[in-house]
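Two complexes follow with chain A in common, the first pairing it with chain B and the second with chain C.
Right after this comes the complex of A and B.
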């Protein structure tokens, strides 16, 4: 056993120790390497639990190697493990060895959105009857407040279909030739995280609503995207529990029924 | 588009959205469900009576008496699980 470091050396020793915990090649004296192994293993397990579909797409060995690269470059900044992994999707954008799996980063975005939804604040969701009760001539001034757990991931890839089959099916179902870009809505009705498909352009609708714009303005921004459908978008948003408040006019009030 | 036709287009879309939602079974309504305690497998609970708000899927043990799962209304008391020690127990509407 090595003698404990002198008190005046402790600070220097700790910073060397902390730095070498995350670096693969760092030389660690005596039995300290066991701590590095534990740190790296626990962080990569946390990422594997958070990004199960990414892991399935590239395989466990590749995932582990990829996770360790990420851990070295972006070690946790917070002691809360549940907050770790926010930068993983962005890291995958530039991770050359995985470039072949072009949709990997978007799948990671979707899985991170699910993780955030799982931990988001609870609020009651409104049903679409609240919207149909508004007089038709006042509809364009309707402002919708999103549920704290709701978010949208728009992708150039069929990200909802890829996620769905890899998350639920023992055997991955091949996607048809027609599979194109998809827009995913993540919500948490009844405390279950749900992934739904929204029409193309709905990300613009949701972003405009989140900025506090009225429904007419939000629809106008989304309608410039080919394939956008107002009725389908509103139906999916309300049905999935994405809307938590509704007000008419410029005054924006939270209504939690 | 004139102001008038924007009105109409939006009203029509809302009406259509409402029709699509009808019958789709609002996933946000739980009028036909009840919270059933003591029947959820480890990691399969909907929530628990232990005051944890990020609770879904967080139980560590099978049939945790404080963890609940949504079931169809009226069916909780008829659910029976076999505990590790071989004892049988029914679901309850309150934490045990």
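Right after this comes the complex of A and C.
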């Protein structure tokens, strides 16, 4: 459909105005710059609210400068502000000024996972008794369905410890030299989002379950990782509310409950 | 048949619903008439549209009437409306069955990029045709009429062909939409452009007003010492805005009125005080309208009797 010429004028003006709202060095008359401040400040506040530990790690001024770079390069593509920030962790991977804080991007990954868990669909979480009630000779046939809020962030850094001490502790606990990689489990069995530490290799276990593999196959894939411990992994998964369904063979748990 | 003209307690004074107040509201059951939510805050994130926002909103919706206020549809985009976002708005409306649905006379998205601000439009025939088409599209998608809100503006366009009030009157007439009259926005724009807010209200198509908004604003000083008001929603409603509101409802009678407080969120009692103040002014307007209607009714009957007896 052809637009009258004035409508083309409006589109051209909106295009120029939109670009100047996002660009760092744009020069605008004061009254128009109100909108530029609104756009940049509100988006930067939205990121600060979504990534509070990242902000604490680098400080509010550095965070704001970093957020404005991100906003300019990857402005929101959706009017649902809760969807903004999916690319922030990846952006931090390549953000040279923050390179010294090597674990920053993984902390952002964990905070984004918590955010998605907050908005995930509701489901009832299963207790581990459902697993222990399965006859030992049928354990090989068990299939587990993940809770919609559950996800894993595996890091070469002690991401759970870093997040926990910066999110909850009164004083930040220094991490010893021995602090190594950690695998974070994010869940929301009810109203509150939980972060738990899983044994190394558990990300493979959870990924295999998410692909629809049986428990035996998922355990086999994780077991090749040094430090993986099946009993601990399953205990943490159930206790944190990461499992929403269990079936043995073709008999689905939904039919049992 | 005599219409019941006694003062009715309808959808009176309400508050913008904030997560910070979910528990106060559910535990204290305050005597607020209704709540309004921003539609975009209940559209989820990623693939999920669950979690605490919906758990609490469903509980509150079970006890109070609700209005849905869209802040991201970008009705003034020359690009056209985003069909995906319109579908998500329709889903929120279907899920919560609000009494009122509103959006803004503004644009906020261009070429798929969301700018997270309500940006102004030049009031031209071309803009009017565009906005009428978009409002029609929204009303068709939702299967109901919506209210469109007057904006706060900071600058004007040289190309304008009509006033904001004339634009809104034509928009309401052509699209069949109602209007949400934000009294704070009227005041902010009046100060910023140097017009009398009472003149604006006198020109406003008041018969289309289905809802009123009240909020706080800030003043900034620009280079050159000129003061500019900014629509911040981060503090109590200013006294001159209360006075304008009082004058407005004395003239048109009570309308559903909302206190918006979206930043620097206050405690619930502080917000409830603002709602209570609006409720008192609505009650005054209700009694005033009742007295006037009784009076005109009495005068009308007297006139009828005189006519019947041929005096």
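Keep in mind that, in the parts below, the second predicted complex is superposed on the first by the 239 of 257 C-alpha atoms of A that agree within 3 Å, B and C clash if a C-alpha of one lies under 4 Å from a C-alpha of the other, contacts with A are read in each partner's own complex, and residues count from 1 in each chain.
The rule we apply is simple: a residue touches a chain if its C-beta (ideal position, glycine included) is under 8 Å from a C-beta of that chain, and two chains touch if they have at least 3 such contacts.
Because the structure is predicted, anything quoted here is derived from the model rather than measured.
J.: Based on the superposed arrangement around chain A, label chain B with chain C as either clash or fit.
T.: Here chain B and chain C cannot both sit on chain A without a clash.
J.: Thinking of the overlay built on chain A, is A:127 touched by chain B (first), by chain C (second), by both, or by neither?
T.: First partner only.
J.: Quick check on the superposed pair: does A:31 touch chain B, chain C, both, or neither? Answer first, second, both or neither.
T.: In the superposition, A:31 touches chain C alone.
J.: With both complexes superposed on chain A, which partner does A:235 reach: first (chain B), second (chain C), both or neither?
T.: first
J.: Give one of first, second, both or neither to describe whether A:52 is in contact with chain B, with chain C, with both, or with none.
T.: Touch partners of A:52: none, neither chain B nor chain C.
J.: On the superposed three-chain arrangement, identify whether chain B or chain C touches more chain A residues.
T.: C
J.: Please indicate which partner A:191 is in contact with in the superposed arrangement: first for chain B, second for chain C, both, or neither.
T.: Both partners.
J.: One more residue to check, A:18. First (chain B), second (chain C), both or neither?
T.: second
J.: Of the two partner chains, chain B (first) and chain C (second), which one does A:118 touch, if any: first, second, both, or neither?
T.: The answer is both, since A:118 touches chain B and chain C.
J.: Superposing on chain A puts chain C and chain B in one frame; which of 7-15, 25-33, 169-177 or 295-303 is the clashing stretch?
T.: Looking at 7-15, 25-33, 169-177 or 295-303, the stretch of chain C that collides with chain B is 25-33.
J.: What residues on chain A does chain C touch that chain B touches too?
T.: After superposing on chain A, chain A residues 118-119, 122, 191 contact both chain B and chain C.
J.: Give every residue of chain C touching chain A within the complex, in rising order.
T.: Residues in contact with chain A: 40-41, 43-53, 55, 71-74, 77-79, 82, 85, 88, 107-117, 119, 121-122, 124-127, 129-130, 154-155, 159, 192, 222-223, 228, 230.
J.: Using the touch definition up top, name the residues of chain B that touch chain A in the complex.
T.: Residues in contact with chain A: 6-18, 20-21, 24, 26-30, 46-47, 53-56, 70.
J.: Quick one: which bits of chain A touch chain C in the complex? Just the residue numbers, please.
T.: On the chain A side, the touching residues are 3-11, 13-15, 17-18, 21-22, 29-32, 34-35, 38-39, 42-43, 46, 75-83, 86, 115-122, 148-149, 188, 191.
J.: Mind pulling up the chain A residues that touch chain B in the complex?
T.: 118-119, 122, 125, 127-129, 131-132, 134, 136-137, 139-140, 189-194, 215-216, 219, 230-235, 238-241
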